[in-house]
Structure formats: C-alpha cells, structure tokens
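A, B, C and D are the chain letters, set down in written order, and residue numbers restart from 1 in every chain.
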Amino acid sequence: MHDVSANQAGSPLLQKYRQVRALSDRLCAPLEIEDYLIQTMADVSPPKWHLAHVSWFFETFLLVPFLPGYELFHPDYGYCFNSYYEAVGQRHPRPQRGLLSRPTVKDIYAYRAAVDEAMAELIEQQAGNRDVEALVVLGLHHEQQHQELLLTDIKHILATNPLRPAYRRDLAQVERVKLLPLGYQSFAGGIVEIGREVDGLASRFEDFAFDNEGPRHRVFVEDFALGDRLITNGEYLEFMTDGGYQQAQHWLSEGWGMVQREDWNAPLYWEQRDGDWWVMTLAGLQPVNLAEPVCHVSGYEADAFARWAGKRLPTEAEWELASRGIDSEGNFVDQDHLHPQPAAEATKGSGLRQMYGDVWEWTQSSYSPYPGYRAAEGAIGEYNGKFMCNQLVLRGGSCATSLSHIRSTYRNFFPPSARWQFSGIRLAA
Amino acid sequence: MHDVSANQAGSPLLQKYRQVRALSDRLCAPLEIEDYLIQTMADVSPPKWHLAHVSWFFETFLLVPFLPGYELFHPDYGYCFNSYYEAVGQRHPRPQRGLLSRPTVKDIYAYRAAVDEAMAELIEQQAGNRDVEALVVLGLHHEQQHQELLLTDIKHILATNPLRPAYRRDLAQVERVKLLPLGYQSFAGGIVEIGREVDGLASRFEDFAFDNEGPRHRVFVEDFALGDRLITNGEYLEFMTDGGYQQAQHWLSEGWGMVQREDWNAPLYWEQRDGDWWVMTLAGLQPVNLAEPVCHVSGYEADAFARWAGKRLPTEAEWELASRGIDSEGNFVDQDHLHPQPAAEATKGSGLRQMYGDVWEWTQSSYSPYPGYRAAEGAIGEYNGKFMCNQLVLRGGSCATSLSHIRSTYRNFFPPSARWQFSGIRLAA
Amino acid sequence: MHDVSANQAGSPLLQKYRQVRALSDRLCAPLEIEDYLIQTMADVSPPKWHLAHVSWFFETFLLVPFLPGYELFHPDYGYCFNSYYEAVGQRHPRPQRGLLSRPTVKDIYAYRAAVDEAMAELIEQQAGNRDVEALVVLGLHHEQQHQELLLTDIKHILATNPLRPAYRRDLAQVERVKLLPLGYQSFAGGIVEIGREVDGLASRFEDFAFDNEGPRHRVFVEDFALGDRLITNGEYLEFMTDGGYQQAQHWLSEGWGMVQREDWNAPLYWEQRDGDWWVMTLAGLQPVNLAEPVCHVSGYEADAFARWAGKRLPTEAEWELASRGIDSEGNFVDQDHLHPQPAAEATKGSGLRQMYGDVWEWTQSSYSPYPGYRAAEGAIGEYNGKFMCNQLVLRGGSCATSLSHIRSTYRNFFPPSARWQFSGIRLAA
Amino acid sequence: MHDVSANQAGSPLLQKYRQVRALSDRLCAPLEIEDYLIQTMADVSPPKWHLAHVSWFFETFLLVPFLPGYELFHPDYGYCFNSYYEAVGQRHPRPQRGLLSRPTVKDIYAYRAAVDEAMAELIEQQAGNRDVEALVVLGLHHEQQHQELLLTDIKHILATNPLRPAYRRDLAQVERVKLLPLGYQSFAGGIVEIGREVDGLASRFEDFAFDNEGPRHRVFVEDFALGDRLITNGEYLEFMTDGGYQQAQHWLSEGWGMVQREDWNAPLYWEQRDGDWWVMTLAGLQPVNLAEPVCHVSGYEADAFARWAGKRLPTEAEWELASRGIDSEGNFVDQDHLHPQPAAEATKGSGLRQMYGDVWEWTQSSYSPYPGYRAAEGAIGEYNGKFMCNQLVLRGGSCATSLSHIRSTYRNFFPPSARWQFSGIRLAA
C-alpha cells in the first residue's frame, strides 16, 4: 500500500497527473508483449508507440524547456515518437510505426517512469506557474485522447488476427434489455451561442477545453428534432436487408466508391458465420445484439442510413444545443464495459438518452474553424488547426472515452471513411 | 445566310438552346482532331467526351422519355458517355476516357447534329410543357458547365504537351494596367438570408438555379471585411519568395502533404526558365504578369497564402452577402480573354472589384447541404447532392464561365487539392 | 505514275529503304486519325509514336552524324520520340505517350517525308560507305520490328474499345480446314552449333542479323521431339474446360499470381457471349475457330498448358536445330491474313508445319547473352543487350512479321506475362 | 546435463533432427520478444513465423499423415503458417505476416516442443520406413534454409530500426588481413556433366539433394577463367567512385530502373556518416572494411560491376565445374562470424578461395529446370519447380548457411533485384 499513499501525495495537479497516467498502464495490462507492436493499418499505432508518444509530449513540451538540467532519456526517441509536429523536427514515417521492435516494451515503460519522476519534480517546482500548469493539463487531455485510441487500436489489432483473441474476458456481459421505441424530441431554433470562450490554455484540469472549441460565437439554427436514442444494430440490420449496401441512391458519391472498392456490406467487425451475424468486441467474438447501438460505422454509412430512413444527421450546433443541461453521464471507459450498451432509462433531465458515451455521434458538420479561431504560435498550434479539412465532427464521447475528458462543446473529428472508432448514429429531422 | 435565319426561327427556348449549343462548337473550333482525345489525368475528360456527354444528357433525359418514336443514335453511347448517373446504368470507367479512339470526332459531331434536330422537334412539340422545358433548361446549364470544363481541360492537355502549343494566338493581349492597392471593405453582420428558394426546376433559362443553391435560409454572420480585389501574381510571388512553400506552419496538414508529395513550389502552369517565371496560358507560354490575379491555385494554397498574410478566406455566406447588388459583369468567356485580367475600375455600385469573372474564389466553406436541402428523386437527383463531401465552395465564376450562367447564389465546388480550374484568392478579415 | 517510277530509281539499298518504309504507311492507311493517338497500356505505343520513332532513329543515327548540313526537323522531337536510348538524352516517359496530341498525325507524316528525302540523299551520297549502309540496314530492320508492334498495338487499341471496331473488313476469311492430328517429330541431339557469327552490322539488308543472335557457339542438346504443328484453339479449350485456369498445380508461381490478380480465364481477346466464345481479331469480333493456332497466350499460359498436357516447351536451341533447312515460308504480314491460320500441308522439306509465321512460339529459354556476346559501344549497344533479364525467347515469327525479317537464328523476347503479341504454343517432349 | 544426454539418445536420424532444430533456437536466443514479430518488407518474415512454419512443415507432411492418433496442435495454425503450398489449403497473405501478435512467441515455442515430442515418437516408430525418413530429411534441410532466412531477416529488421541495434556484440571481430591481389584461374571446357542424379528424396541426411539439382546432365562449356577470390568492398568502392551508379551504360535496363526508382547508390546496409562509409552488420554499425567481400548487392549490381570491370558473371555450369574437388570448407554459420571475411589462404586443393561460404555468388544463369526435370506430385512438388521463372541462380553458400547444407550442385535462387541475402560477386572472363 506504500505506493498508493505515495501517489496520493502532492498537489492536486500532480495527483491528477498520476491518475491519468495510471489509466494508460491499466489499459495495457491485459496485453501480451506481442500486442504492443502491431500496426494493422496506417491509422492504427502500436500500443507501445502510444505509451511512448504521450511521454514524449511531456518531455518535449515541459521537461526540456522548463526543468533545469533535464537530459533527454534517449537522443533518438524524438525521431521515433513525434507524431506530426513539424516545428519539432523530423520523425519516423507514420505507416512504418509497426516496423520497430526497439525500443522494447520494457524500455518504454522505463521511459514512462523516468518522465513521471521528472514531471513530479517539475510540477512541484513550478507550482503556480500557470503557463507550465496549462501545458501539463494539455498533456493530460492529450493522453486521454490516446487512451481512447489505445482501445480502438487494440481492438483493430486483435480483430485482424485470424485467432480473434479477446482483449479481456472479464468485461461485464451486456444484459438484454427491452428496446425502447425511437422517438424524436423537438427543439426551438434561433440565434444561439455555441462553443466556448477559450482564452489560452486552462491551468486547471477541470477548466480545460481545446482551442478548436472556441471562440464562443453566435449561429442561427432552425427548429429541429433529434432522435431520442442511438440507432440500434436491429435498425441498421433493416437497412442492410433492405439492400442498403447495394443501392447507390442512398450514398454520397465517395461513400459509394468505398462500398464498391472495399466490399463493405456491414459495419466493421461484423462477420457472418453460418448465416448468423457476429461481431468482434474487446471481449472477443459475440453474437450481434440487436438492441445495442450500431457501432463502427463510417460517416458515409451513417449518412446513407439516415437518407434511407428519410431523415438526416444532426449538425454539430444542433447537437450542442440539445446537449445543454444534460449531465455528461453515460457509458464511458470508467464504466469498464468497453462496448456500447442498449438505451435504458432516459438520461437525467432530458428525454434524450445516450447523448454522452456509448458511441461518438457523426454529425453532418465539416470540421471547420469557428469564426475568429486562430491556432496558437509554434508546435502547440499544430495540435488541432491544421486538420480542419476533409473531416466531419463527431460529438458526445464513447465507451472508450474518459468521463473527465468530455463536454458539451467537445469536437472530435475523423474523415468520413473512418470506421475503427466507436462511432454510431443519431438521427435528426 | 439561310442557316442563320433558320436558327433564329423558333421559340425563345429553342433559340436559347441553339445559342448555348453553338458555343460548344465555337470553343472546339481551334482544336486539331488529335486534341479532342486526350485525357491527361482522371479529372480531365477528352473534349470529344464533353461534346458527346452533353448530347447524351439531352438524349437520355429528354428525347428517350418525351419524344415519341425516338430511337437511340447508337446503342453503346450510353455506356460510353454516361458520367456518373448510377440510376441510368453501367458506364465506361472515368480514368479510361482517353483510351477510346472511336467513336471518332466526326461521329460525335454527327451525334450532336442528330440530337439537335430531334431536340428542335421536341421543344416545339412540347411547348408549354413546363416539366419538359425545365429539363431543357437544366440541360443547357449543364452544357454551360461543361463549356467551362472544356476550356480548363484543353488548357491542361496543351500545357502537358512538351511543345506547349497555344490554343489560340488571337486572344486579346493583356494590357499592363497600374496595380491598385489592396483595400478592405467592411460589412455588417447579423441574421441574413442566403441561397435561393428553389421549387423544382425553372422552366425559363433566366430563372434557373441549381438545387444546391436552396433552400433560401437564415444564417448568422459576424461583421466582416472583404478584400476589394483579387490577390495578384505579384502578391503571391512575395509568399513564394518568403519561403511559403517551404514552411509547414502556413499549411493545412493535407496541403502540406501535397506540397511534399507533388513538389509544389508555384501555382500550376508556372515554370521557371533562366530565372524568370513563365506561365502557360490558352495563348501559349507567357511571362508572368504581376498585376494579374493569381490563378490555378488549390484551396490548400489559397488557405496557406491567407494564413501567411495574416488573413483568412471568406465564408460562402460572407461572399454572397457582399455580392448582393453588384452587377454580375466581369471578365467572362463572353469577353473572349480566356485569362484573368488585372483589376481596373471598381465594379459598378460597389467598392469591390472582380467579384464576378476572372477566377473562381476559394471560400473556407465546406460544400454541405443547406438546411432543408433534399435531392430530387431519380437520376437528376444525382446531379449535385451526392458530391456534398470533402469539397470546398468556390464563388463568382471565372474567365471561362458564361455570363448567363453565374449569379450571386451560385455554388461551385472542388476538392481543396484541385488546381486545374481558373481558381484564385480573395481575402477576408 | 511519276512517283512510282521515281521510287524505283536509285541503288538497291535505297529501293529497299523505300519498300520497307512504304509498309508502315500501308499498315496505317486503314486508321482514323483518332486511332493514331491511343495508348491502352504502358506496353502499347500510339501508332503515331511508332511512325515518328522509326524516323527519329534514322535522323539521330544517320542524318545528324553523316549528312553534312542536316538540321533537325524539330528541336523537341528527340525528347518526344527517343524510346530508351540513355546515351542519346532525356525522353518523354513511356507510360505517357498517349497524352500527346501534338505533333499531329499530319506533322508526323511531314516528318517522315522530310526524313525520307534526306535519307535518299544520304544513301546515294554515302554509297559504298559500309558503316553508313550497315546503320541504314539496322534502321530498316528496326522499322520492321515496329511494323509488327504497330499491328499488335492497333489490335489492342481497337479491342479495348467497347465498340469493338474492325481494323479491316477486307482480310481474307479463314477457310475451315480439317484439323490434322498432332504428332511429334524426333531429333538427335549432341553438340550442335547455334546462333550466327555476327561481326559488326551487315551492310546488305539480306545479310543482316541482330547482335543478340551471336556469336555462333556450341551447345549440347539431348535427343528431343517437337510437336509437328502449333497447339490449336480446340486443344486449348480442352485445357480450359478441364479447369486449367482453376488448378494451381499446372502453373508457375508467378503465373498463378497473374491468373488470380488479373482474373485470367481464357487467352487475351477471347470473350464469352451467350455461352459461345468469340475472339477479337483485326477483322473485328469473330467466333473462335477451333482449328486455328491458339494465340495471345502468355508464357505462363503456354507453360501451364504444356505441363497439363504432360509435355514441355522447347528450348531455343531445340527450336533452332529443328528449324534448319526449313524454308521460312509461312503466314506472314506479306500474306495479308493478319491472323494465324490452321495447319494444312506440311512445311516443305520437313514434317514440321507452321514453324515460321502464324504465331511466335514461346520457348522455355530465358533471354540470356550467348557465350562471348558483347554489346556494341554507345547508343546502338543499348538495342538488345540491356534487356537480357526476366524475359523468355520466342521463335519463328508471326502473321504480323515480314518474311524478309525472320530467320532460323532470330531471337524475339518478351516477359512471360506478355499476351498482346501474336504468341502461341508448340510442345516438345 | 540430463537434457543433453537425453538428446543424444535415439537413432542417428533423431539425433540429426534434434541437432538441426536446436540451431533455430540458438539463432533466436539473442532476440527480444519484440524482434520476433516484425516484417520490414514482403520478402522478410517475422522470426516467429519462421519458427512456426518449419514446425508446421513437419506437422503437415509427417505427423498428420503418418503418426496415428496425432491431433493438430491448433486448428488455425495451418492457415497462419502455410507459406505457399496451394495443395494444402488457404493461407494468411504473405505481406501481412507482421500483423499477427498472436500466437505469441511463447505459444510458438510450445508448438515447437509439441512437434518435437511427436516427431521423436514418429522417427522411432517409423525407423526403416524410407519414405518417412526421406520426408524428415527434407524437413531438416527445409529448416536449414529457414535458418539462413532467420539471420537475413533479423538483419533487415534491426537495420531498418533507427536505433541500429546489434544482434550480437560477441561476434568475433574481423581481423584486418592483407588483401591478396585478384587473379584468374583457367579451366578447360568441353562436354561436362553437371547436376546430380536425384531419384526421389534421400533417406539419409548426408545424401540429400533438392530435386532442382537434377537430373545430372551434359552441357557444353567453353574454356573459361574464374576470379580466384570474391570482389571486395574496396574494389566495389572504385566502381562507386567511378560513377557506377550514375552511368546507365553498365546496367541492365531493369537494373537501371531500380537504381533510379530506389535511389540506390551503394550496397544495401551501407550508409555515409560525415563522409565515411559505414555498414550495418549483425554486430551493429561498423566502418566498411575494404578487404572484406562486398555483400548485399543485387544481381543487377553484380552484373553492372562485372560489365564496368570488363568482365562478366560466371554461369552456374562454370561455377559447378570449377568447384569440383574443392572441400566445402569456408566461413559458414558454424564459424559464428555471421559476416563475410577477407580472403586469406587459398582454399585447400585449389587456387580458388572463398568458393564456399562468405557470400552467395550471383551467376548469370536463369533459374530454369534442368533437362528432364519434373516436379514431384502433390504439395511437395511445389517446393522448387514453380519458382523457375524470373530468378537467377546463386552458388556456394554464405556465412549464414550451414556447412552440412551446402554442396557443389546446390542451386539457390533469387530475383535479380534481391539484396537482403548475403550475396556477392565473383567474376568470370
């Protein structure tokens, strides 16, 4: 118990630091060493790369500039573990992250430990330095993002394997709940403010928002209605059996190109065995549960489903407006299901269920800068702004997101072709 | 003179039909037979394909359904000249359009003549049938779009050729005008209506709008300012000499990837010979004129230039708002320059110059459906809606656009990587 | 008649020059201008490119070095029409030959005429200069090779077209002859000499051989037997119906990879319509004639067929040994069938039929240098030697070869994957 | 010591089995678990795949058919570890071998142990069954081939890593020996017999030859001379500094294409740091030793070097003839250098040095079937015959080959583009 009490020592920020970092370790605990290395496609990074990269982030943006006398843990790690920060120098090509056996997993845990030790020193030393604290907080939210990627990448790694190994066998089984009928809840439009005033980086973890969530600004929204729960596997199966994947008229042109080229005929991870649909989950291969939210669909599939259903996807402004006042409770990584759950009770204070957690909800909104948005100077400015092109916004978090990471204004973004995230569908009308 | 008077006979719609169709012939008149066949990249179609495709459009959507007894000109032309209408059947793969020597250019002119004859009959026969007339009008605006593509594709074909042949030597030379300084004009924001009420297809040519321009709807726009003319070659050259193509910080991540992969270091069609910059034009290779609007830049380059300049690209709502009340006069295909011209006098009724014509202006707005947009049923519904993904909106028309084709609400769209259109830059602040 | 008598004037070499050059024109006479431009795959060159390239060969290797005062017809043609001579300078990339509309077909005929005129002057001026005459002779054999390529490339261009246009409708129809049974003729082995002493280039057209045919050298050949005629479509169809394209055991590993990747299930140009097999020919689409030699098979297919039949392909030494003393009569381009013909009478002086003409016969011999082979210095040395890698030797000429171009020692070569040549199968045992 | 004495028990074949299998374990002993998983290019297989595949070979071709009651270790291992045996069923795609984290390294060692146990039982049970014994012997030579691949693949894996980790630090350092001048030894030609009579598979390990080494047959060879040692790094560096990689005239056309496309300017694993050449070895990065044989050159480079030197590569018949009567002593895996060594004393009984071991010697001979060669029926017949296309023969073994695996008639084969094997150059004249 010595360690635990030691970890509880220190400032609130240091405690937060330890708490967030510990989750990365916990998420990797079920892995074999071999699982840490695999890159099944360019989008996926090996788990050991994630573990090293988030440490490199602290080392590069905090330890090197702010901790006097700090020496790099290894001179080549910058090259190996820089993701995309052009301002910080050359880096190993992304599609080749799976070609590196060294540094070993053990080396990387040693790297993490060394960074943690130095960070503890730095955090105490610089207590009250709001600039430093803000960067620590940014690093923690950055690590939370990679924790979600760890889970989605591990899932892809294990699902690609012909043995279909389970990540964990001890995840709570999904209870078969009675499916609630889909209804729509109406909202009045008008000029509304969305986004959040972001004046530099917050120095308290709880106050944090990414720069892409601001500035807070006015938009005009027409009256709209939102589906009161997520679309289920059962509903999606209707689309499939109605020929959804065979009929061009439901699809965006690029989506239809993907369907043809990639032979899509079901969500990612679904496979048919002897006529029944199964789905690969972090608990291994399972029969498809019709009451669960459909998951691992691309933006193209979400859009095609909506058109087939005579509806549409929400805009991000509609989603944000509707989410106001709803507690961000839900099925998050904290609940340790690691799989979307059927809609049960209405979310507190609202007729809308499953707004937070379970699956990221595709919107029809392109990921664009809010009016007045300007990226920060230097490497940190590369965090969000340079990706504002050819992506769609997703909202609400998933079963792989941390509760402390999500909020009403949070803008996640992926290209409409992406399927390996926990992404699903809520309709608008 | 018999023919001319014959052509002036008939209903106003028939006269319009003949007038629009005649421009396609006129644009192709300077071509060698050989030029009609070439496809220099997947985006480019051979001129003969354009000529046939627009006739196929009239044949498929008007002659076959509405002209009793009409027989297909050739049973295989549907396969050869359908562009992307899934509902109408199989088609020749787009990147292989340049592999077809037959039908010959002569065959295709015969096809055009046969379609024209039947269309004349149909237009007279169905006078007053508003559904038929609306499809004729759609077909004419469709042909106008392909007339612009004819010019941009011919330019690409000739510029790819090591001989750098000129399309025409008789284009009016650009007068060297004194460059006006760049100013900004301010506009008040608020709730504004943009777009246009589109209730089905217009049956008069002059009333026409594409479905993607509607519905008319309210948006909230903050106060803004717009550059009072287009960015010039001279200004763009400053960006270049300041290292614009070498510095990642100005660029969207995807744009920077293009710069690296494609070795971009100047706008398309620029080439350096003995230290001087030249540019391939439809009048052949010419020295770069610093006073002319920069042209053939991608959306990525437009965005990087704006960021380098400390400004931004306008949104399409801002552009539309600012364009209100400005006559859509300008440098269009009708002026027969076929090249952007330096800004001279202020456009009538406004401090803004060059809003219409010269070059399409990149906006920062993703090409998305307006609220309430719904594509038509059937093949015609494939015209616009299915492309609302991963493209940016461009506004204002170019020197290759017909004056009668453009308007304040017109939404052109291309992927941000596209450079072979007459596309340029207007800044906003 | 003036022109004809003029053409008969001059030295024998000049007459030969005119005669060979005239065939290129005759082969292109049935083409539409459009057909001259198309490049359906990297292996295929546009007919106009062939016409220009063979003239460039004379210009580059004869007119420029040997005709005093000769000026290049066009400064850029060297760049456009150099095929692969590194020593002569930069050139247009091979896969982009189909992107050039200019120079036009008319320009290229003017180029040919100018080269012909200058060549006539040169040939008379340099009469008796054996070095110059040898280069002229090389240029003529070079043009004969391109004449065969003209036909195979034209066939590919027209067969790729969905309209399946015929090259000529006036080719002699194939008579249905009774199929002779396949027998085998035995040959005694031992030490034999093959190849031909090649001491520089011959200065008489009739004495010519390529450098790769020499030196004459000894090889040891075991006793062997050769099939006394070519394999027919009927026999090949048995292989097909017996599952030849579905059973890996007949195939070289690379061949099986091609079958899978390219979905090969019949020779090139075969297509099934309503259950019947048709084949695209230079006379258009025709029913498959079972008595004809199978044609347009790759080396992989030839090898797989042989293995399925319990036989093997001949070596080039066996073929050459067996061909001795057989007149090189046969079905050549001179016969104007332009299609392989069923075996009829035995070839004069031998039980072997179809040894020359009809189809090139795949051997199992890799295209390697004969012992003591050394390529010439300079650009001419690039003609053959640098391709001695990853290719198989074919022997005997085809229905697209000139009679005056072929001989017993002639070594043609293509990668085993190539199918667009007139290539077929003779078995050995 | 219990284990060792246990391992010395059993029949000579069982002892041989244990001895060969033990080397695989020994070669992998220096690896980190992470190193076992990596596939740096399609040609490379992860070490764990090699370990599993060779066990799968014994399981599939011996245990399943011949050991009564044997049950598959795992139902999916056949799919995972079949390399290319079409007759045995579907298999995991070769380029994706590096995507599999499971089965783990521990699982695979358990697989090996289970196979070893069952094989021991089988070998004793079937003692005297020559068919079974012959398959065991084949399996052992198969494993020896994969042992060489293990080393070449491990080298590629470690050399690809930016950290340039050493495989072993305890390899004997290369002594700087005085370079012997290169001489040529002459041989008389004539009709000679090469190859080896192969009548089915040998049932004694020492009698083994692969089917591709037979039948023994007569060939005619002209008089020739062979370089009396391998080409050194120093000699190769002269080629480099003389512009070898910049001058097309030395190269086969395909080789020159590779040089351009892949930016080759030195052998694989060479890198220039501060003007000095270093080379990655299994002992880590080392300065290039000019006296050592050049290694990791492709067939294209070997051929270009020979042409630059005014010589040529030997044929495989010449090499075999010259190797007669030379003891196959040399620098093999048994010597544990794992790197080519400078030529020292002449090989016993010959003026030729380094004929065996050090590096595989590229010949100019295409890998073709010997006259009368016929592959065995069934899956075992896929071992060699189906690869006789587009590859060159290499002779003599390398520092990664087992002494007991090599012989005068041994034919190794790789495409001329391959560089990751220990392959070098001996000249002929």
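To be clear about the criterion, contacts are C-beta pairs under 8 Å (C-beta built on N, C-alpha and C of every residue); 3 or more make two chains touch, one makes a residue touch a chain.
Nothing here was measured: the structure is a model prediction, and the numbers come from that model.
Asker: Which chains does chain B share as contact partners with chain D?
Answerer: A, C
Asker: Averaged over CA atoms, how far is the centre of chain A from the centre of chain C? Could you give it in whole Å?
Answerer: Roughly 60 Å separates the two chain centres.
Asker: Quick one: chain A and chain D, Cα centre-to-centre, how many Å?
Answerer: Here the centre of chain D sits 47 Å away from the centre of chain A.
Asker: Between chain C and chain D, what distance separates the C-alpha centroids? Give it in angstrom.
Answerer: Chain centroid spacing, chain C to chain D, equals 39 Å.
Asker: Do you know which chain C residues sit against two or more other chains?
Answerer: In chain C, no residue touches at least two other chains, as defined above.
Asker: For this entry, which pairs of chains touch?
Answerer: Listed in label order, the chain pairs in contact are A-B, A-D, B-C, C-D.
Asker: For the complex, give me every residue of chain B touching chain C.
Answerer: That would be residues 32-40, 76, 79-80, 92, 98-105, 157-158, 160-163, 165 of chain B.
Asker: Going by the contact rule set out above, which residues of chain D touch chain C in the complex?
Answerer: 84, 86-87, 191, 217-220, 222, 248-249, 251-256, 300, 364-366, 368-369, 371-372, 381-382, 386-390, 415-416
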